[in-house]
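Below are two complexes that have chain A in common, paired first with chain B and then with chain C.
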Partner chain A sequence: MSRSISGLRAWIFQRITAIYLAVFVPVALGYLLFYPVTSYQPWVELLSSPWVNTSLLLFVFAILLHGWIGIRDVVIDYVQPFSARIGLLVLVGLGLVACGAWAARILFNVKGVV
Partner chain B sequence: MRFRIYRYDPDQDREPYMQDFELAEIPSGMMLRDALLALKAQDETLSFRHSCGEGVCGSDGMNINGRNGLACITPLAELKEPVEVRPFPGVPVIRDLIVDMQGFYKQYHSVKPYLIRHDPEPEVETLQMPDERDRLDGLYECILCGCCTTSCPSFWWNPDKFLGPAALLQAWRFLADSRDQAENDRLDALDGPYRLFRCHTVMNCVDVCPKGLNPTRAIGHIRDLMLKKSI
Partner chain C sequence: MARKTKRPVFLNLLQIKLPAAALLSVAHRATGIVMFLLIPFCIYLLEMSVSDEMGFHQVLAMIDSLPFQLLLFLMLWILLHHLLAGIRYLLIDMDLGVDRVVARRSAWLVIFSGFASASLLGVLL
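Now for the complex of A and B:
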(Lines of atoms letter the chains of each structure in order from A and count residues from 1; the text may use other names and numbers.)
(Lines give C-alpha, C1' and ligand atoms only; values in the text may rest on other atoms or scores of the structure.)
Protein backbone atom coordinates (compact mmCIF):
# COMPACT_ATOMS: atom_id res chain seq x y z
CA MET A 1 0.00 0.00 0.00
CA SER A 2 1.55 3.27 -1.05
CA ARG A 3 1.67 6.14 1.37
CA SER A 4 -0.78 8.19 -0.66
CA ILE A 5 -3.39 5.43 -0.56
CA SER A 6 -3.12 5.24 3.19
CA GLY A 7 -3.40 8.98 3.78
CA LEU A 8 -5.62 11.22 1.69
CA ARG A 9 -7.20 8.39 -0.26
CA ALA A 10 -8.21 6.41 2.81
CA TRP A 11 -9.75 9.55 4.24
CA ILE A 12 -11.70 10.24 1.05
CA PHE A 13 -12.91 6.64 0.69
CA GLN A 14 -14.07 6.69 4.28
CA ARG A 15 -16.18 9.78 3.57
CA ILE A 16 -17.59 8.57 0.25
CA THR A 17 -18.57 5.20 1.71
CA ALA A 18 -20.06 6.98 4.73
CA ILE A 19 -22.33 9.00 2.44
CA TYR A 20 -23.45 5.88 0.61
CA LEU A 21 -24.13 4.06 3.88
CA ALA A 22 -26.00 7.06 5.28
CA VAL A 23 -28.28 7.09 2.23
CA PHE A 24 -28.64 3.36 1.62
CA VAL A 25 -29.37 2.16 5.16
CA PRO A 26 -32.39 4.43 5.88
CA VAL A 27 -33.78 3.86 2.37
CA ALA A 28 -33.43 0.09 2.66
CA LEU A 29 -34.88 -0.01 6.17
CA GLY A 30 -37.70 2.34 5.16
CA TYR A 31 -38.54 0.14 2.18
CA LEU A 32 -38.64 -2.99 4.31
CA LEU A 33 -40.84 -1.17 6.83
CA PHE A 34 -43.44 -0.24 4.20
CA TYR A 35 -43.16 -3.41 2.12
CA PRO A 36 -42.36 -6.12 4.64
CA VAL A 37 -40.92 -9.28 3.15
CA THR A 38 -42.39 -12.25 4.99
CA SER A 39 -41.23 -15.35 3.17
CA TYR A 40 -38.38 -16.69 1.09
CA GLN A 41 -39.90 -16.34 -2.37
CA PRO A 42 -40.55 -12.56 -2.16
CA TRP A 43 -36.95 -12.20 -0.84
CA VAL A 44 -35.62 -13.98 -3.89
CA GLU A 45 -37.74 -11.82 -6.19
CA LEU A 46 -36.65 -8.64 -4.45
CA LEU A 47 -32.97 -9.55 -4.53
CA SER A 48 -33.09 -10.68 -8.13
CA SER A 49 -33.86 -7.15 -9.30
CA PRO A 50 -30.57 -5.83 -10.69
CA TRP A 51 -31.07 -2.50 -8.91
CA VAL A 52 -31.49 -4.11 -5.52
CA ASN A 53 -28.76 -6.61 -6.17
CA THR A 54 -26.23 -4.04 -7.34
CA SER A 55 -27.02 -1.52 -4.63
CA LEU A 56 -26.76 -4.26 -2.01
CA LEU A 57 -23.45 -5.39 -3.41
CA LEU A 58 -22.26 -1.79 -3.33
CA PHE A 59 -23.48 -1.57 0.27
CA VAL A 60 -21.45 -4.63 1.22
CA PHE A 61 -18.38 -3.20 -0.51
CA ALA A 62 -18.88 0.21 1.14
CA ILE A 63 -19.35 -1.17 4.63
CA LEU A 64 -16.30 -3.43 4.31
CA LEU A 65 -14.11 -0.61 3.04
CA HIS A 66 -15.46 1.80 5.64
CA GLY A 67 -14.90 -0.76 8.35
CA TRP A 68 -11.39 -1.54 7.17
CA ILE A 69 -10.32 2.12 7.21
CA GLY A 70 -11.93 2.70 10.59
CA ILE A 71 -10.46 -0.36 12.27
CA ARG A 72 -7.09 0.32 10.69
CA ASP A 73 -7.22 3.82 12.19
CA VAL A 74 -7.97 2.42 15.63
CA VAL A 75 -5.16 -0.12 15.32
CA ILE A 76 -2.66 2.52 14.19
CA ASP A 77 -3.64 4.67 17.17
CA TYR A 78 -3.69 2.12 19.93
CA VAL A 79 -1.65 -0.95 18.92
CA GLN A 80 1.98 0.13 18.92
CA PRO A 81 4.07 -3.11 18.79
CA PHE A 82 4.74 -3.86 15.15
CA SER A 83 4.06 -7.62 15.23
CA ALA A 84 0.77 -7.19 17.13
CA ARG A 85 -0.29 -4.49 14.69
CA ILE A 86 0.47 -6.55 11.60
CA GLY A 87 -1.16 -9.65 13.11
CA LEU A 88 -4.31 -7.77 14.04
CA LEU A 89 -4.56 -6.04 10.66
CA VAL A 90 -4.13 -9.34 8.81
CA LEU A 91 -6.84 -10.94 10.98
CA VAL A 92 -9.24 -8.06 10.45
CA GLY A 93 -8.47 -7.96 6.73
CA LEU A 94 -9.05 -11.69 6.30
CA GLY A 95 -12.26 -11.45 8.31
CA LEU A 96 -13.57 -8.61 6.18
CA VAL A 97 -12.63 -10.35 2.92
CA ALA A 98 -14.41 -13.50 4.15
CA CYS A 99 -17.52 -11.45 5.00
CA GLY A 100 -17.41 -9.92 1.53
CA ALA A 101 -17.02 -13.29 -0.17
CA TRP A 102 -19.87 -14.71 1.85
CA ALA A 103 -22.15 -11.78 1.01
CA ALA A 104 -21.24 -11.99 -2.68
CA ARG A 105 -21.96 -15.71 -2.68
CA ILE A 106 -25.41 -15.13 -1.20
CA LEU A 107 -26.24 -12.35 -3.63
CA PHE A 108 -25.02 -14.20 -6.72
CA ASN A 109 -26.69 -17.42 -5.65
CA VAL A 110 -30.01 -15.62 -5.30
CA LYS A 111 -29.62 -14.49 -8.85
CA GLY A 112 -29.01 -18.10 -9.85
CA VAL A 113 -32.19 -19.36 -8.20
CA VAL A 114 -34.56 -17.27 -10.32
CA MET B 1 -6.90 28.43 48.81
CA ARG B 2 -5.76 24.82 48.49
CA PHE B 3 -3.47 23.48 45.76
CA ARG B 4 -2.31 19.99 44.79
CA ILE B 5 0.79 20.15 42.69
CA TYR B 6 2.60 17.43 40.77
CA ARG B 7 6.12 17.02 42.03
CA TYR B 8 8.90 14.98 40.49
CA ASP B 9 12.64 15.39 40.76
CA PRO B 10 14.23 12.49 38.86
CA ASP B 11 17.44 12.89 40.88
CA GLN B 12 15.70 12.30 44.21
CA ASP B 13 12.20 10.85 43.71
CA ARG B 14 11.56 7.30 42.68
CA GLU B 15 8.19 8.30 41.27
CA PRO B 16 6.04 11.42 40.96
CA TYR B 17 3.72 12.45 43.80
CA MET B 18 1.16 15.18 44.49
CA GLN B 19 2.09 17.78 47.10
CA ASP B 20 -0.52 19.83 48.95
CA PHE B 21 -0.04 23.55 49.37
CA GLU B 22 -2.13 26.28 50.90
CA LEU B 23 -2.21 30.02 50.22
CA ALA B 24 -3.88 32.13 52.90
CA GLU B 25 -4.29 35.37 51.02
CA ILE B 26 -5.72 35.51 47.52
CA PRO B 27 -5.93 39.09 46.24
CA SER B 28 -8.73 39.62 43.73
CA GLY B 29 -7.68 39.09 40.15
CA MET B 30 -4.77 36.85 41.16
CA MET B 31 -3.63 34.51 38.39
CA LEU B 32 -2.38 30.98 38.87
CA ARG B 33 1.16 31.99 37.95
CA ASP B 34 1.22 34.52 40.81
CA ALA B 35 -0.02 31.80 43.14
CA LEU B 36 2.71 29.42 41.95
CA LEU B 37 5.33 32.11 42.58
CA ALA B 38 3.92 32.59 46.11
CA LEU B 39 4.05 28.82 46.64
CA LYS B 40 7.62 28.75 45.36
CA ALA B 41 8.41 31.23 48.15
CA GLN B 42 7.09 28.58 50.59
CA ASP B 43 9.02 25.75 48.94
CA GLU B 44 11.76 26.92 46.69
CA THR B 45 12.27 23.48 45.13
CA LEU B 46 8.97 23.87 43.22
CA SER B 47 9.93 24.27 39.56
CA PHE B 48 7.99 25.66 36.62
CA ARG B 49 8.67 27.73 33.52
CA HIS B 50 7.29 31.25 33.20
CA SER B 51 8.35 34.51 31.65
CA CYS B 52 6.15 37.31 30.33
CA GLY B 53 3.22 36.81 32.67
CA GLU B 54 0.64 38.00 30.17
CA GLY B 55 -0.08 35.11 27.84
CA VAL B 56 2.34 36.13 25.12
CA CYS B 57 5.48 34.02 25.56
CA GLY B 58 3.72 30.69 26.05
CA SER B 59 6.20 29.44 28.67
CA ASP B 60 3.88 28.51 31.52
CA GLY B 61 1.59 26.03 29.82
CA MET B 62 0.43 23.34 32.25
CA ASN B 63 -2.49 21.11 33.06
CA ILE B 64 -4.81 22.99 35.40
CA ASN B 65 -7.67 21.00 36.94
CA GLY B 66 -7.47 18.59 34.02
CA ARG B 67 -7.31 21.22 31.28
CA ASN B 68 -4.26 22.57 29.53
CA GLY B 69 -3.80 26.31 29.82
CA LEU B 70 -1.41 29.15 30.56
CA ALA B 71 -1.03 29.76 34.30
CA CYS B 72 -0.44 33.49 33.81
CA ILE B 73 -3.85 34.14 32.28
CA THR B 74 -5.85 31.66 34.36
CA PRO B 75 -7.64 33.57 37.16
CA LEU B 76 -7.76 31.68 40.46
CA ALA B 77 -11.37 32.83 40.90
CA GLU B 78 -12.41 30.49 38.08
CA LEU B 79 -10.75 27.40 39.55
CA LYS B 80 -12.29 24.73 41.76
CA GLU B 81 -10.45 23.79 44.95
CA PRO B 82 -8.11 22.09 45.44
CA VAL B 83 -6.49 23.41 42.30
CA GLU B 84 -4.73 20.43 40.75
CA VAL B 85 -1.72 21.46 38.73
CA ARG B 86 0.16 18.94 36.63
CA PRO B 87 2.66 19.12 33.78
CA PHE B 88 1.38 18.79 30.20
CA PRO B 89 0.17 15.22 29.59
CA GLY B 90 1.83 12.97 27.04
CA VAL B 91 5.29 14.55 27.11
CA PRO B 92 8.32 13.60 29.21
CA VAL B 93 8.65 15.44 32.55
CA ILE B 94 12.02 17.01 33.24
CA ARG B 95 11.12 18.17 36.73
CA ASP B 96 7.86 19.13 38.47
CA LEU B 97 5.85 21.18 35.96
CA ILE B 98 8.68 21.46 33.45
CA VAL B 99 8.30 19.20 30.44
CA ASP B 100 10.55 18.28 27.54
CA MET B 101 9.17 20.08 24.47
CA GLN B 102 11.80 18.70 22.06
CA GLY B 103 9.33 16.45 20.25
CA PHE B 104 6.88 19.31 19.90
CA TYR B 105 9.54 21.58 18.38
CA LYS B 106 10.79 18.81 16.12
CA GLN B 107 7.32 18.45 14.61
CA TYR B 108 7.05 22.24 14.29
CA HIS B 109 10.38 22.44 12.43
CA SER B 110 9.37 19.60 10.12
CA VAL B 111 6.59 21.67 8.50
CA LYS B 112 9.22 24.21 7.39
CA PRO B 113 7.58 27.15 9.14
CA TYR B 114 9.01 29.81 6.87
CA LEU B 115 8.28 31.20 3.40
CA ILE B 116 9.79 29.20 0.56
CA ARG B 117 10.28 31.13 -2.69
CA HIS B 118 11.48 29.78 -6.01
CA ASP B 119 11.44 33.15 -7.78
CA PRO B 120 14.49 35.39 -7.44
CA GLU B 121 14.41 37.62 -4.36
CA PRO B 122 12.53 40.83 -5.16
CA GLU B 123 14.13 44.24 -4.73
CA VAL B 124 11.46 45.25 -2.24
CA GLU B 125 9.04 43.25 -0.10
CA THR B 126 6.83 40.66 -1.76
CA LEU B 127 3.53 42.49 -1.86
CA GLN B 128 0.24 41.08 -0.69
CA MET B 129 -3.35 42.21 -1.24
CA PRO B 130 -5.36 42.96 1.93
CA ASP B 131 -7.57 39.91 1.43
CA GLU B 132 -4.49 37.69 1.01
CA ARG B 133 -3.16 39.07 4.25
CA ASP B 134 -6.54 38.44 5.90
CA ARG B 135 -6.18 34.71 5.23
CA LEU B 136 -3.36 34.59 7.77
CA ASP B 137 -5.56 35.87 10.60
CA GLY B 138 -6.20 33.16 13.15
CA LEU B 139 -3.00 31.39 12.09
CA TYR B 140 -0.02 33.62 12.71
CA GLU B 141 -1.07 34.40 16.31
CA CYS B 142 0.08 30.99 17.59
CA ILE B 143 2.60 31.38 20.43
CA LEU B 144 3.72 27.70 20.39
CA CYS B 145 2.83 27.15 24.03
CA GLY B 146 1.96 23.51 23.30
CA CYS B 147 -1.42 23.50 25.09
CA CYS B 148 -3.18 22.14 21.99
CA THR B 149 -0.71 19.49 20.90
CA THR B 150 -0.26 18.02 24.37
CA SER B 151 -4.04 17.78 24.84
CA CYS B 152 -4.47 15.86 21.58
CA PRO B 153 -5.02 12.09 22.03
CA SER B 154 -3.63 11.41 18.54
CA PHE B 155 -0.41 13.14 19.58
CA TRP B 156 -0.28 11.11 22.81
CA TRP B 157 -0.44 7.83 20.88
CA ASN B 158 1.95 8.81 18.06
CA PRO B 159 4.02 11.80 19.21
CA ASP B 160 6.91 10.94 16.91
CA LYS B 161 4.80 10.56 13.76
CA PHE B 162 1.68 12.73 14.07
CA LEU B 163 2.58 16.40 13.69
CA GLY B 164 0.04 17.64 16.20
CA PRO B 165 -2.35 20.60 15.99
CA ALA B 166 0.22 23.37 16.56
CA ALA B 167 2.52 22.21 13.76
CA LEU B 168 -0.43 21.60 11.43
CA LEU B 169 -1.82 25.08 12.12
CA GLN B 170 1.56 26.43 11.03
CA ALA B 171 1.61 24.11 8.01
CA TRP B 172 -1.66 25.71 6.90
CA ARG B 173 -0.39 29.18 7.80
CA PHE B 174 2.30 28.81 5.11
CA LEU B 175 0.08 26.96 2.64
CA ALA B 176 -2.39 29.84 2.92
CA ASP B 177 0.27 32.49 2.40
CA SER B 178 0.09 34.01 -1.09
CA ARG B 179 3.85 34.64 -1.03
CA ASP B 180 4.79 31.00 -0.47
CA GLN B 181 5.70 28.92 -3.55
CA ALA B 182 6.15 25.42 -2.14
CA GLU B 183 2.51 24.33 -2.00
CA ASN B 184 3.01 20.95 -3.70
CA ASP B 185 6.08 20.04 -1.67
CA ARG B 186 4.30 20.98 1.53
CA LEU B 187 1.23 18.91 0.64
CA ASP B 188 3.33 15.91 -0.40
CA ALA B 189 5.16 16.07 2.90
CA LEU B 190 1.87 15.98 4.81
CA ASP B 191 0.34 12.94 3.12
CA GLY B 192 0.54 9.42 4.50
CA PRO B 193 -1.37 7.83 7.36
CA TYR B 194 0.37 9.66 10.18
CA ARG B 195 1.52 13.23 9.78
CA LEU B 196 -1.84 14.85 9.03
CA PHE B 197 -4.38 12.04 8.89
CA ARG B 198 -4.08 10.89 12.52
CA CYS B 199 -6.33 13.87 13.31
CA HIS B 200 -9.79 12.51 14.16
CA THR B 201 -11.26 15.96 14.88
CA VAL B 202 -11.43 15.38 18.62
CA MET B 203 -11.05 19.17 18.86
CA ASN B 204 -9.34 19.26 22.26
CA CYS B 205 -6.94 21.68 20.57
CA VAL B 206 -9.71 24.19 19.84
CA ASP B 207 -11.05 23.76 23.36
CA VAL B 208 -7.80 24.63 25.12
CA CYS B 209 -6.04 27.15 22.84
CA PRO B 210 -5.34 30.19 25.04
CA LYS B 211 -5.30 32.41 21.95
CA GLY B 212 -8.67 31.17 20.72
CA LEU B 213 -7.25 29.66 17.52
CA ASN B 214 -8.78 26.76 15.62
CA PRO B 215 -6.23 24.13 14.48
CA THR B 216 -9.03 21.70 13.54
CA ARG B 217 -10.34 24.14 10.94
CA ALA B 218 -6.80 24.61 9.60
CA ILE B 219 -6.42 20.83 9.29
CA GLY B 220 -9.73 20.74 7.39
CA HIS B 221 -8.42 23.41 5.01
CA ILE B 222 -5.28 21.35 4.37
CA ARG B 223 -7.39 18.27 3.57
CA ASP B 224 -9.61 20.29 1.23
CA LEU B 225 -6.59 21.70 -0.57
CA MET B 226 -5.02 18.23 -0.84
CA LEU B 227 -8.24 16.91 -2.34
CA LYS B 228 -8.49 19.80 -4.81
CA LYS B 229 -4.90 19.26 -5.91
CA SER B 230 -5.33 15.52 -6.32
CA ILE B 231 -8.30 15.60 -8.73
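Now for the complex of A and C:
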Protein backbone atom coordinates (compact mmCIF):
# COMPACT_ATOMS: atom_id res chain seq x y z
CA MET A 1 0.00 0.00 0.00
CA SER A 2 1.08 3.60 -0.32
CA ARG A 3 3.87 4.70 1.96
CA SER A 4 2.03 7.78 3.07
CA ILE A 5 -0.43 5.83 5.18
CA SER A 6 1.85 3.31 6.85
CA GLY A 7 3.84 3.39 10.02
CA LEU A 8 3.97 6.54 12.05
CA ARG A 9 1.61 8.54 9.93
CA ALA A 10 -1.08 5.89 10.14
CA TRP A 11 -0.54 5.75 13.87
CA ILE A 12 -1.02 9.50 14.17
CA PHE A 13 -4.13 9.56 11.93
CA GLN A 14 -5.54 6.70 13.98
CA ARG A 15 -5.23 8.84 17.11
CA ILE A 16 -6.43 12.13 15.64
CA THR A 17 -9.57 10.48 14.26
CA ALA A 18 -9.98 8.61 17.57
CA ILE A 19 -10.08 11.91 19.46
CA TYR A 20 -12.67 13.38 17.10
CA LEU A 21 -14.81 10.25 17.39
CA ALA A 22 -14.41 10.13 21.17
CA VAL A 23 -15.77 13.68 21.39
CA PHE A 24 -18.40 13.54 18.65
CA VAL A 25 -20.06 10.21 19.50
CA PRO A 26 -20.82 10.94 23.20
CA VAL A 27 -22.02 14.46 22.32
CA ALA A 28 -24.29 13.15 19.55
CA LEU A 29 -25.66 10.30 21.67
CA GLY A 30 -26.11 12.62 24.66
CA TYR A 31 -27.98 15.15 22.53
CA LEU A 32 -30.36 12.49 21.18
CA LEU A 33 -30.84 11.16 24.71
CA PHE A 34 -31.87 14.56 26.08
CA TYR A 35 -33.68 15.83 22.99
CA PRO A 36 -35.22 12.73 21.39
CA VAL A 37 -36.44 13.26 17.82
CA THR A 38 -39.81 11.64 17.28
CA SER A 39 -41.02 13.02 13.97
CA TYR A 40 -39.71 13.40 10.47
CA GLN A 41 -39.53 17.16 9.94
CA PRO A 42 -37.42 17.99 13.04
CA TRP A 43 -35.11 15.10 12.15
CA VAL A 44 -34.49 16.44 8.66
CA GLU A 45 -34.11 19.99 10.01
CA LEU A 46 -31.57 18.76 12.54
CA LEU A 47 -29.49 16.84 10.00
CA SER A 48 -29.53 19.67 7.47
CA SER A 49 -28.50 22.42 9.88
CA PRO A 50 -24.98 23.54 8.97
CA TRP A 51 -23.19 22.56 12.18
CA VAL A 52 -24.75 19.13 12.45
CA ASN A 53 -24.38 18.41 8.74
CA THR A 54 -20.73 19.43 8.63
CA SER A 55 -19.76 17.65 11.83
CA LEU A 56 -21.53 14.52 10.55
CA LEU A 57 -19.56 14.69 7.31
CA LEU A 58 -16.37 14.99 9.34
CA PHE A 59 -17.59 12.08 11.45
CA VAL A 60 -18.07 9.93 8.36
CA PHE A 61 -14.60 10.84 7.12
CA ALA A 62 -13.05 10.17 10.54
CA ILE A 63 -14.75 6.83 11.03
CA LEU A 64 -13.78 5.61 7.56
CA LEU A 65 -10.14 6.60 8.04
CA HIS A 66 -10.09 5.17 11.57
CA GLY A 67 -11.73 1.96 10.36
CA TRP A 68 -9.39 1.66 7.42
CA ILE A 69 -6.26 1.88 9.58
CA GLY A 70 -7.71 -0.50 12.18
CA ILE A 71 -8.83 -3.16 9.69
CA ARG A 72 -5.58 -2.76 7.79
CA ASP A 73 -3.62 -3.50 10.97
CA VAL A 74 -5.73 -6.57 11.67
CA VAL A 75 -5.40 -7.86 8.09
CA ILE A 76 -1.63 -7.31 8.07
CA ASP A 77 -1.35 -9.17 11.39
CA TYR A 78 -3.46 -12.21 10.58
CA VAL A 79 -3.60 -12.62 6.80
CA GLN A 80 -0.13 -13.70 5.73
CA PRO A 81 -0.43 -14.88 2.07
CA PHE A 82 0.34 -11.87 -0.09
CA SER A 83 -2.46 -12.24 -2.63
CA ALA A 84 -5.11 -12.83 0.05
CA ARG A 85 -3.85 -9.83 1.99
CA ILE A 86 -3.88 -7.49 -1.00
CA GLY A 87 -7.24 -8.83 -2.16
CA LEU A 88 -8.82 -8.32 1.24
CA LEU A 89 -7.33 -4.84 1.64
CA VAL A 90 -8.60 -3.79 -1.79
CA LEU A 91 -12.05 -5.11 -0.90
CA VAL A 92 -12.08 -3.28 2.45
CA GLY A 93 -10.78 -0.08 0.88
CA LEU A 94 -13.31 -0.08 -1.94
CA GLY A 95 -16.09 -0.88 0.53
CA LEU A 96 -15.11 2.02 2.77
CA VAL A 97 -14.85 4.51 -0.10
CA ALA A 98 -18.25 3.35 -1.35
CA CYS A 99 -19.72 3.79 2.14
CA GLY A 100 -18.21 7.26 2.32
CA ALA A 101 -19.72 8.26 -1.02
CA TRP A 102 -23.09 6.81 -0.02
CA ALA A 103 -23.16 8.61 3.35
CA ALA A 104 -21.92 11.87 1.80
CA ARG A 105 -24.66 11.75 -0.84
CA ILE A 106 -27.29 11.28 1.85
CA LEU A 107 -25.93 14.14 3.94
CA PHE A 108 -25.60 16.49 0.94
CA ASN A 109 -29.16 15.76 -0.14
CA VAL A 110 -30.88 16.24 3.21
CA LYS A 111 -32.85 19.45 2.99
CA GLY A 112 -35.11 20.83 5.65
CA VAL A 113 -38.02 23.14 4.96
CA VAL A 114 -36.49 26.59 4.60
CA MET B 1 15.29 -32.13 16.05
CA ALA B 2 14.48 -34.17 19.11
CA ARG B 3 14.73 -31.09 21.26
CA LYS B 4 12.35 -29.23 19.00
CA THR B 5 9.61 -31.82 19.34
CA LYS B 6 9.91 -31.71 23.11
CA ARG B 7 9.28 -28.03 23.34
CA PRO B 8 6.06 -27.38 25.21
CA VAL B 9 3.70 -26.32 22.46
CA PHE B 10 0.56 -25.27 24.25
CA LEU B 11 -2.07 -23.77 22.06
CA ASN B 12 -5.30 -24.83 23.68
CA LEU B 13 -6.97 -21.45 23.54
CA LEU B 14 -9.51 -22.41 26.18
CA GLN B 15 -6.80 -23.14 28.72
CA ILE B 16 -4.52 -20.17 28.12
CA LYS B 17 -5.20 -17.58 30.78
CA LEU B 18 -4.70 -14.12 29.35
CA PRO B 19 -4.07 -11.13 31.59
CA ALA B 20 -6.82 -8.52 31.56
CA ALA B 21 -4.83 -6.13 29.39
CA ALA B 22 -4.42 -8.80 26.70
CA LEU B 23 -8.10 -9.67 26.90
CA LEU B 24 -8.90 -5.99 26.48
CA SER B 25 -6.63 -5.73 23.46
CA VAL B 26 -8.33 -8.68 21.78
CA ALA B 27 -11.75 -7.24 22.62
CA HIS B 28 -10.72 -3.85 21.24
CA ARG B 29 -9.94 -5.47 17.90
CA ALA B 30 -13.03 -7.66 17.90
CA THR B 31 -15.36 -4.76 18.72
CA GLY B 32 -13.66 -2.65 16.07
CA ILE B 33 -14.24 -5.31 13.42
CA VAL B 34 -17.90 -5.71 14.42
CA MET B 35 -18.50 -1.96 14.20
CA PHE B 36 -16.71 -1.82 10.85
CA LEU B 37 -19.06 -4.50 9.53
CA LEU B 38 -22.08 -2.56 10.82
CA ILE B 39 -21.20 0.66 8.94
CA PRO B 40 -23.28 -0.17 5.81
CA PHE B 41 -26.29 -1.08 7.94
CA CYS B 42 -26.08 2.22 9.82
CA ILE B 43 -25.92 4.20 6.56
CA TYR B 44 -28.88 2.19 5.29
CA LEU B 45 -30.89 3.18 8.38
CA LEU B 46 -29.85 6.83 7.96
CA GLU B 47 -30.93 6.82 4.32
CA MET B 48 -34.28 5.27 5.19
CA SER B 49 -34.86 7.72 8.05
CA VAL B 50 -34.40 10.80 5.83
CA SER B 51 -36.13 9.41 2.73
CA ASP B 52 -39.68 10.36 3.76
CA GLU B 53 -42.17 10.38 6.61
CA MET B 54 -42.92 6.67 6.23
CA GLY B 55 -39.29 5.64 6.13
CA PHE B 56 -38.60 7.62 9.28
CA HIS B 57 -41.38 5.87 11.18
CA GLN B 58 -40.29 2.51 9.80
CA VAL B 59 -36.86 3.07 11.30
CA LEU B 60 -38.39 4.18 14.63
CA ALA B 61 -40.63 1.11 14.70
CA MET B 62 -37.68 -1.13 13.91
CA ILE B 63 -35.61 0.41 16.71
CA ASP B 64 -38.50 -0.01 19.15
CA SER B 65 -38.91 -3.74 18.51
CA LEU B 66 -37.58 -6.07 21.21
CA PRO B 67 -34.95 -7.95 19.17
CA PHE B 68 -33.56 -4.67 17.95
CA GLN B 69 -33.46 -3.30 21.49
CA LEU B 70 -31.29 -6.23 22.56
CA LEU B 71 -29.10 -5.68 19.50
CA LEU B 72 -28.93 -1.99 20.34
CA PHE B 73 -27.78 -2.76 23.86
CA LEU B 74 -25.09 -5.04 22.46
CA MET B 75 -23.99 -2.34 20.04
CA LEU B 76 -23.94 0.23 22.82
CA TRP B 77 -21.77 -2.06 24.91
CA ILE B 78 -19.43 -2.70 21.98
CA LEU B 79 -19.17 1.02 21.28
CA LEU B 80 -18.54 2.05 24.90
CA HIS B 81 -16.06 -0.76 25.43
CA HIS B 82 -14.14 0.29 22.32
CA LEU B 83 -14.31 3.95 23.35
CA LEU B 84 -13.11 3.42 26.93
CA ALA B 85 -10.36 1.02 25.87
CA GLY B 86 -9.34 3.56 23.24
CA ILE B 87 -9.08 6.32 25.83
CA ARG B 88 -6.92 3.96 27.92
CA TYR B 89 -4.60 3.43 24.95
CA LEU B 90 -4.35 7.17 24.38
CA LEU B 91 -3.37 7.63 28.02
CA ILE B 92 -0.80 4.86 27.72
CA ASP B 93 0.58 6.60 24.61
CA MET B 94 1.11 9.62 26.83
CA ASP B 95 3.05 7.43 29.25
CA LEU B 96 0.23 7.37 31.78
CA GLY B 97 -0.46 4.02 33.42
CA VAL B 98 2.24 2.05 31.64
CA ASP B 99 3.29 0.35 34.86
CA ARG B 100 2.10 -3.26 34.88
CA VAL B 101 0.06 -3.10 38.05
CA VAL B 102 -1.69 0.10 37.00
CA ALA B 103 -2.20 -1.15 33.44
CA ARG B 104 -3.81 -4.32 34.71
CA ARG B 105 -6.07 -2.43 37.07
CA SER B 106 -7.13 0.06 34.39
CA ALA B 107 -7.85 -2.84 32.02
CA TRP B 108 -10.27 -4.32 34.55
CA LEU B 109 -11.72 -0.87 35.14
CA VAL B 110 -12.41 -0.46 31.41
CA ILE B 111 -13.96 -3.93 31.15
CA PHE B 112 -16.33 -3.33 34.05
CA SER B 113 -17.18 0.31 33.40
CA GLY B 114 -17.87 -0.46 29.75
CA PHE B 115 -20.50 -2.96 30.72
CA ALA B 116 -21.80 -0.80 33.58
CA SER B 117 -22.21 2.34 31.46
CA ALA B 118 -23.87 0.35 28.68
CA SER B 119 -26.31 -1.12 31.18
CA LEU B 120 -27.03 2.28 32.69
CA LEU B 121 -27.65 3.86 29.27
CA GLY B 122 -29.67 0.82 28.22
CA VAL B 123 -31.98 1.31 31.18
CA LEU B 124 -32.23 5.07 30.56
CA LEU B 125 -33.17 4.54 26.92
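The rule is simple: the second predicted complex is superposed on the first by the 106 of 114 C-alpha atoms of A that agree within 3 Å, B and C clash if a C-alpha of one lies under 4 Å from a C-alpha of the other, contacts with A are read in each partner's own complex, and residues count from 1 in each chain.
Note that contacts are C-beta pairs under 8 Å (C-beta built on N, C-alpha and C of every residue); 3 or more make two chains touch, one makes a residue touch a chain.
Since the structure is predicted, the reported quantities are computational estimates derived from the model, not experimental observations.
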Contacts of A:7 with chain B and chain C, given as first, second, both or neither: first
Between chain B and chain C, more extensive residue contact with chain A: C
Contacts of A:76 with chain B and chain C, given as first, second, both or neither: first
Residue ranges of chain B touching chain A (in the complex, touch as defined): 153-154, 157-158, 191-198, 200, 223, 226-227, 230
In the complex, chain A residues that touch chain C: 15, 18-19, 21-22, 25-26, 29, 33, 38-40, 43-44, 47, 63-64, 67, 70-71, 74, 95-96, 99, 102-103, 106, 109-110
Residues of chain A touching chain B in the complex: 3-4, 6-8, 10-12, 73, 76-78, 80
Chain A-touching residues of chain C, taken from the complex the two chains share: 29, 32-33, 35-36, 39-40, 43, 46-47, 49-50, 52-53, 56-57, 60, 79, 83, 86-87, 90, 93, 121, 124-125
